[in-house]
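Handing you this structure, nothing more for now.
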Amino acid sequence: MTTLLDFVSYSDWVLHTLIWMPILGIIPVLWADEQRVKHVAFWWSAVVFILSLGLWWAFDPTVGGMQMESATPWIESWGVSYSLGIDGISLFMVMLTTFMASISILASFNYIQDRQRPFYALMLILEAGVVGVFLATDLFLFYVFFELTLVPMYFIIGIWGGARRIYAAIKFFLYTALGSLLMLVGILYLVYRAKMFIGAPTFAYSDLLQVPLSGTEQLWLFGAFALAFSVKIPVFPFHTWLPDAHVEAPTPGSVILAAVLLKMGTYGFMRFLLPLFPIAAQHPVVVTTMLVLAVIGIIYTACVAAVQSDAKKLVAYTSVAHMGFVVLGIFALNLNGLQGGLIVMISHGISTGALFLLLGMLYERRHTREIQEFGGIARVAPWFATAFVITALASIGVPGTSGFIGEFLALLGAFETHKVLTLVATLGVIFAAYYMLPMVQRVFFNPLDKQENREIEDLSKRELAILAPLCALMIWIGWNPTPLLDRMEPSVQVVLERLDEAILEDQARVGDEVNEPQVVDGGQE
Amino acid sequence: MIIDFSRQLHYVWALLPEIILCVSGMVILVVGVTGRYREAHLAVEEELESGRSDDLGWLALLGLLGAALANAWLYGVTEVGVNSMIAVDRFRLFSNWIFLLAAVLGILISFAYVYRQRLQAGEFYALILFATAGMMFMVGARDLIVVFLGLEVMSIAVYALTAFNRRDRKSAEAGLKYFLLGAFSTGFLLYGIALVYGATGSTNVAVIGEIISSGEGSRSLLSAAVALLTIGFAFKVSAIPFHMWTPDVYEGAPAPVTAWMSAAVKAAGFVAFLRVFMVGFGDHSIYALWYPILWWLAAITMVGANLIALVQTNIKRMLAYSSIAHAGYLLVAITAANEAAAAGMLFYLLVYTLMNIGAFAIVMSVSHHSEERLYIDDYVGFGWSQPLLGVFLTVFLLSLAGFPGTGGFMGKIYLLLGAAESDLWTLSVILVLTTVVSYWYYLRIAWVMWMKDPETEGQHDRIIVPLPMRFALLVSVGLILYIGILPSGALEFARASIEGLGTFGGGLIGQGP
Amino acid sequence: MIEVLFYVFAAVALGGALGVVWAKSPVGSLLYMVATLASLACIFVLLEAHFLAAIQVIVYAGAIMVLFLFVIMLLNLGHDYQWDLKGGAFSLLSFVIIGLMAGVLVRQFGENAITEPTAGGRAIDAALAQHGAVGAIAQSLYTTYVVPFEITGVLLLVAIVGALVLAKKGGR
Amino acid sequence: MYNALGISVQGGQATVETAAQFQPFFPGLIILLPLIGFLINGALALRHAQVSASAVRLGGELDLDEGGHLPATHTLPSYVAPGVMLVAFLIASVNFARMLSVELHDPHVIEYWTWIATGAFTVEAAIQLDQLSILMTMIVTGVGFLIHLFSVGYMRDDAGYPRYFSYLNLFIFFMLVLVMGASYPLMFVGWEGVGLCSYLLIGFWFSDREKSDAGKKAFIVNRIGDVGFLIAMFLLFGMFGTLDFVPLFSQAADLEYGSRLVTAVTLFLFLGAAGKSAQIPLYVWLPDAMAGPTPVSALIHAATMVTAGVYLVARSSVLYALSPIASATVAGVGVLTALFAATIALKQNDIKKVLAYSTISQLGYMFVGVGVGAYAAGIFHLMTHAFFKALLFLGAGAVIHSMHHSLHRTNNHQDPQDMRNMGGLRTFMPITWGTMWVATFAISGIWPFAGFFSKDEIIWQTAAFGGAAKAPYPMLYQVYWVIALVAAILTAFYMTRMMVMTFHGASRTGVEEVKHLHESPPVMWIPLIALALFSVVAGWINVPEALRETFIGLGPLTGEWLHHWLEPITEQAHHIQELNLGEVAEQAPFGGGEVTWALVSTTLALVTVLASFQFLRRQNVKVAAEDTELSGLSKVLYNKWYVDEIYDRLIVQPLIKSSRFCWKVIDARVIDGVVNGVGWAARALGFIVSMFQTGTVNMYAFVLTIGALIILGVSVF
Amino acid sequence: MITEALVLSAMIFVLGTFGVLVRRNAIIMFLCIELQLNAVNLAFIAFSRLMGIDGQVFVFFVMTVAAAEAAVGLAIIISVFRHYETVNVDNFKLLRW
């Protein structure tokens, strides 16, 4: 495999292809006639996914830094370059994106009945944007992609969504834009500092890492960045856009939103927040605040989820809880926590994506999402029920599924640093059962007492083809996450080393100030 | 060619674009008066679409082409000395491009309107050309007298254009308001000029700058002068609280005039503002005086305009408030008063011209080239019945909102970079926060036209987009996207245009209020 | 002597200005305006701006004010004796504002009170002596300020065109 | 550098060499076979479900009796499911035999693949073969096989037959992972996995809302315990840097005795154990779990899964030995549970409920055993209990099966599980009657049945521990001992009551119904016989030395064989105990040695059984439909001390209410209120500001002038 | 006398401003604006006593502008009058908010 990939010099073009190919896909999608457009879109995205599969082999798991890097000057006077790269943190995010994108396009065959061409075009743009977010190693480029994902999602929710779609779409848009624009100011501040330090403006991630920042600056910038990412994740008080967006979005939109868009926030934490502002990120107050928010998110949203009457809203709230685990893992600031967070991200992407798919399929059959309306469906749709139960179990982190590995590692990591908070967070495990099982029960079990429910069809072949790989992945990762963990570890190590070094440097700096206050002449400067 | 104004003829060369514009304006007037009178008949759709309806418009475009050629030619000219009354620097030439572009786009989109509303084409286009010439005088001047006269040429032409549609009482009312307030603010501007003159004894900004930095000149007069000049310019660029005329005038004026003037007049105001303040009052001592004023002006303008825009129902009015908001963003650049900010302002004005005129062009198509269906609710279902126009309008709106992938985004970044150079972080934060507010009203149109289900079918089926307007739209969309994706060329161009402008007062680190 | 004359004319000018604001009818305002203009012309003379004083009377008081009068007559507003001042509070507030504004301006002027003509003033005297009142201005108008002078030509053309278009009756 | 204690993280590789003599016989297959069974049965189940779904869709049910012969989806599982169990049991037996033949001191760890490896934390997917795990494996596969066999008969008519067996096989798979896993995380996989299967099987008849609810309740309550397990793992990882048993326990011996950390770990572990093994306060799910098919109750909720807690404590014996507080807690909770559950069992009328509370009570005994440091005794009782309780449940299942058939035939909608509707079944079901009496004697602790040996040892060890030289809380243990004795008497009473109400006295089933009562088919009674056999003989593998010495020739087996067998597992714990507590006492608190008290307890039990048999036989039991309201203590006992209601009032309802509050108030009002409020305020502000735009030029000029004045003022001053 | 002239100009200027603020008649408002321009002229001339002839030249241009403005302004007023039959600015409220 590796030889084949080398032969076609895969590493040289794959990253660019993954971004630009979906965008180019707009042309055939807009060209195709209305009946065939969905197939065109699906196969196009499938090819993108297949191309991304090569990363598994082409990626060197021993290297912690960026791989397959390429940089082309873009806006030279601002120091902006079109530079891409991949490492262990982004590798799986990219693959998850290409995978979930093609899955959700496949899942929209029935759901999207009108205005198909624009829909699929937007989906492809969205895919390109998200892949770009994960691949960009230039903050400007990152920001562009980060924002770019908003527009297609806005239209996907707003045009193909439910009754309150406009409210949901605008809320989603404004909420996330608010955060990211403040981040933009932060980025510019960073660039301005870099210009003073290096002499030329630069947005390159690797250059910005070199910029020395004082503690206060770091805290402010951390705040700006963290707000953007926290809204995206979303972290507790910024989460209310999510249920609305999820409920109103069409199934494929929800899937993409849950599976990859939320990950952009946590990815940002790992990729930018920790390495760029290591002092602030390790500031006890900051860490505690983030952890407390994460824990509130876990418990609180689980509670809120439990009393939802709309199944989709329930799952939406659970997303917040899951992402709470990710934040918890990240701010454990150790190997277990970070890797656990990454696994939760992957697992959540797959399992919650699958849950939204299943609920979407249910909606296609019954045109309602009210839990009360269902009951006993397992009797008429056993395959459906089986898939749903497996997914639900993965979602609540039953051992043997992907969810467990992530949550376990995240909690394990967090426990090392913050015992009490982790203790509370662990209660989330109970709450997960508290929200998920009643829903499963009321939808799939209980008496089959409604005539409409009797007529529910079981999964079709296409739907099975969608769900089977997802379920297989949930279980496979649950039993053998090591190949994933192996590939992440060096990159996570790099982040952690950066944190450690920063603390040492800071101590050295403080030490200098304390020990040698008498040095007046500028010899040292 | 070297120009040192040792001979009077040099003035002709230096002012060649303006002269060409004035001459072609006069030609159009003459042709318009003597030319064959065209009866507007009802089966005009075809003629409307092709844009053949108005020969005078093409004539005006020809004149603009000539001016453009002259402007390009001026790049080969070398200026000797920096104190002459007429500046032949790249700053002026870049601004000229903006005015020419605005005029070209404005004329291209007004063909059908002029025809439908039976406006006097000759006078209409001539006034646009004269106003453009006025703007060019204004920004090309290093002497406050010329600035003032250019401003008056522009203003009087625009007053007339605003009230041009004699059948429309809104147009007349707008003209009156614009005229009264414009003249009123001119009084302040003039008084400011008088005080500057009294303080320094000169009306040449370069000389004023030198005198101020040498420490001469009465500070007490200067401080009042700066304030009065700020008021005068703030009125022209419609900064809050000198913005009151803007929404009314933009709503009342004929649509193509609104489109054109919202971009061009503002651009002229800003460019002159920048030159006067940076070159004339660029010294640190006096920068400290006007810096907080402009800081607050920018902040209030950004906040206020965006807030009011939220509650507008008329799209022209909403775009008017949006233009005020953009004035706020541009004021940030003037507040920053450094090289990057100045270049950013030029760049932003260029992009703004494209996107604003583009947006208005589509507004005009929707309103059937007259003054109807201007409410945001009239856009329900527009996107789906006219997909291409819908996409274009979406692009314009996203660009106005400053979204990545569009020129508006790059412009905003440039402004923010300029603000960063002067450490204007609070202002930057206000800028981005108000941008978020602005998303709401820009996206509102997007949601109305794409996401709402229309109650009546086919209300947008009879939209005509004449060939010239199509051309204008394609050019603007293409340029906006091009600049949004590959901005380097335009950026470099804007940056190079700033070189040698004069002293820069910006970069007073940490002098935030 | 000159000072006394100045104060007399200043008083008339101010009174006229007040009258413009205060007069009930447009025609009354106009007449007060003419008075102000005339007294200002006299002050111009006192300040050695003879040519401008003449222009002030001929162009301003003569031509422009007559134009106003024409319009007032055209619109048949001459017999309009309606009091059209804004309401009391508004006026009061406006008065406070302009009072403050005047205070600020006067304070600024007072800070560098110059009474004696300086080098510039002497240069004017010299120019007046050499070229006469018209020549002194013409000298710089056609040399230094030739460009603005040309622009005024465009300006007037624009004004004519604008006025023609707007004042023309009805549609085509 | 990421290990807090600086201990290198390695699996149990060191032990592989020393155990060179022991040749495991495909141990992986033991786990794999049930999994294969699950996959086959699962596939059949899904296939069958599609058929039945189309029948349901048409409005009816799939009636298997109508078709004449059963489809392949129903015949195949009958062979596959018990078959894989049998093979697994045989393989386990071979391994057991091999282990018997060699002196295996250190556990034998077999690694398959690296499960989780983050760089800071590594867990192998490995199984551990040692005396304890092989014993548990034997119990699980052996009892499991018998119950599978029984189920073939019991579930024959059920539409979900293949699904049932797929769940059952999956359960066995997870149970084996639990007992054979070589690390806490792997054990946790089995731990939650069995909980999951329990959930699925309790809610097997998911169309019934109550049964579905019961499954959910079981899962959630179990999860509460699982949190304890998780936290304990986190703590252990922090302490040792590994979660593999072998390196962890070898380091654990070095810990300080009674340190707070160990106490915390063991208490959290016990929280997990209490959840899984239905101890106070987390026992509430087990009685409800009787909603599942009866063989499931036998397998999961009596013989195997619920004993996992005991297994956990025994497995972690080193840690518990280090923490006297935790041990006392374990024993205390155990003994309280034993008494508490026994009191409730006194007044239950549902035959399975009686057995359920009896199970809880017996589990309490096991915890007493492991709590007083008698880990082998706990495991011993676990084993004997597995036999006789499985037997009791299967017997009850046979009764219910028979009752169900007769009620079904006569279209009677009475509850087939209510003992008030039974009586006199002895004549119709002699085998069941006989085997169940055997089990009753066993559970009551009457010599020479298995329960006598195991239970009596626990009671005795409690007494002895209370008298240990340096026992931490001697008084406490004496109280435990007395309670344990009382609970034993109660056990004898309620078991006799159950037997009498079911099998003796006059038949209360009804005239027509009686005709349909019948003994079970062989596939069902053969397991009964087999289990009855074990219930008699199983106790003899661990005859206390004292008894053997006193009553010479009571058995050919060596005394305390199980103790010796488990010695490699428990020796470390015993060593710690001896070091810190000294020798246990030879005498009970009120005097008397082991033999004496054994005699006393068996006599007490026997007397209780006989007396209550005589007393209860004459009592006039009314049919359920005609039974009168209870009052006083009886009512409280009948209503299970109202614990469910109290939990509902104190925990469930407040939780739901606060959840609603969070949603309706905090989320919708406060947070969204702020969000929408900002938007609303912005628009309102915009509206207000736009009020200046009055349309009159004066106003515009006025605003302009104010601005001008402000700017002038600012710049001048 | 120069300072006095400046003070006079300031006073006439603010009086003109006052007129614009309080009068409703468009023509009179325009007259008040002319008043402002005259104040400016006075200031220029006063300053030109200090600084030279440039101020006077400027006044010349201002007067031209005033004339041009008068032409267009009055034309606009006529145009408005045709629609509204009044020059009272309070009536021009079609465009607001």
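Note that the chains are named A, B, C, D and E in the order they appear, and that numbering of residues resets to 1 at the start of each chain.
The criterion applied here is as follows: a residue touches a chain if its C-beta (ideal position, glycine included) is under 8 Å from a C-beta of that chain, and two chains touch if they have at least 3 such contacts.
Everything numeric in this text was worked out from a predicted model, so none of it was measured.
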Worksheet item: Among all the other chains, which ones are in touch with both chain C and chain E?
Response: B, D
Item to complete: Give me the chains shared as neighbours by chain B and chain D.
Response: A, C, E
Discussion item. Can you give me the shortest step count from chain A to chain C, moving only between touching chains?
Written reply: 2
Fill in: Two chains joined by the most C-beta pairs in contact, as defined above
C-E
Item to complete: Please list the single chain whose C-alpha centre lies closest to the global protein C-alpha centre.
Response: A
Worksheet entry | From chain A, the most remote chain by mean C-alpha position | C
Worksheet item: Most remote chain relative to chain D, going by C-alpha centroids?
Response: C
Worksheet item: Centre to centre, by mean C-alpha position, how many angstrom separate chain C and chain D?
Response: 103
Fill in: Centre distance in Å when chain D and chain E are each reduced to the mean of their C-alpha atoms
96
Discussion item. Suppose each chain is reduced to the average of its Cα coordinates; what separation in Å results between chain A and chain D?
Written reply: 38
Discussion item. Using mean CA coordinates as chain centres, what's the gap between chain B and chain E in Å?
Written reply: 26
Response to the item:
Touching two or more other chains in chain E are residues 6, 13, 16-17, 20-24, 26, 29-30, 46, 50-52, 54, 57, 61, 65, 68-69, 72, 75-77, 79, 82, 89, 92, 94-96
Worksheet, complete the sentence: Residue numbers in chain C touching two or more further chains are 86, 90, 94, 97-98, 101, 104-105, 107-109, 120, 144-145, 148, 152, 155, 158-159, 162-166
Worksheet item: Which residue numbers or ranges of chain D touch two or more of the other chains?
Response: 679, 690, 693, 695, 697-698, 701-702, 705-706, 708, 712, 716
Worksheet, complete the sentence: Per the touch criterion, the pairs are A-B, A-D, B-C, B-D, B-E, C-D, C-E, D-E
Discussion item. For the complex, give me every residue of chain A touching chain D.
Written reply: 171, 174-175, 237, 239-241, 300, 303-304, 306-308, 334-336, 339-340, 376, 378-383, 386, 393, 398-400, 404-405, 408-409, 411-413, 415-416, 422-423, 426-427, 429-430, 432-434, 437-438, 441, 444-448, 454-455, 458, 479-482, 485-486, 489, 492-493
Discussion item. Which stretch or stretches of chain D touch chain B in the complex?
Written reply: 679, 682-683, 685-687, 689-690, 692-693, 695, 697, 699-701, 703-704, 706-708, 711-712, 714-716
Item to complete: Note which residues of chain C are touching chain E in the complex, please.
Response: 2-3, 6-7, 10, 13-14, 17-18, 20-21, 23, 26, 29-30, 33, 36-37, 40, 43-44, 46-49, 51-52, 55-56, 59-60, 63-64, 67-68, 71-72, 74-75, 77, 80, 84-86, 90-91, 94-95, 97-99, 101-102, 105-106, 109-110, 113-115, 117-118, 120-121, 123-124, 127, 136-137, 139-141, 144-145, 148, 152, 155-156, 158-160, 162-167, 169
Discussion item. Taking the touch rule as given, give the residues of chain E at its contact with chain B in the complex, in rising order.
Written reply: 6, 13, 16-17, 20, 26, 29-30, 33, 36-37, 39-40, 43-44, 46-47, 50-52, 54-55, 57-58, 61-62, 65, 68-69, 72-73, 75-77, 79-80, 82-84, 89, 92, 94-96
Discussion item. Could you list, by residue number, the parts of chain B that touch chain A in their complex?
Written reply: 384, 398, 403-405, 409-410, 413, 416-417, 420-421, 425, 428-429, 432-433, 435-436, 439-440, 443-444, 446-447, 450-452, 486-488, 491-492, 495
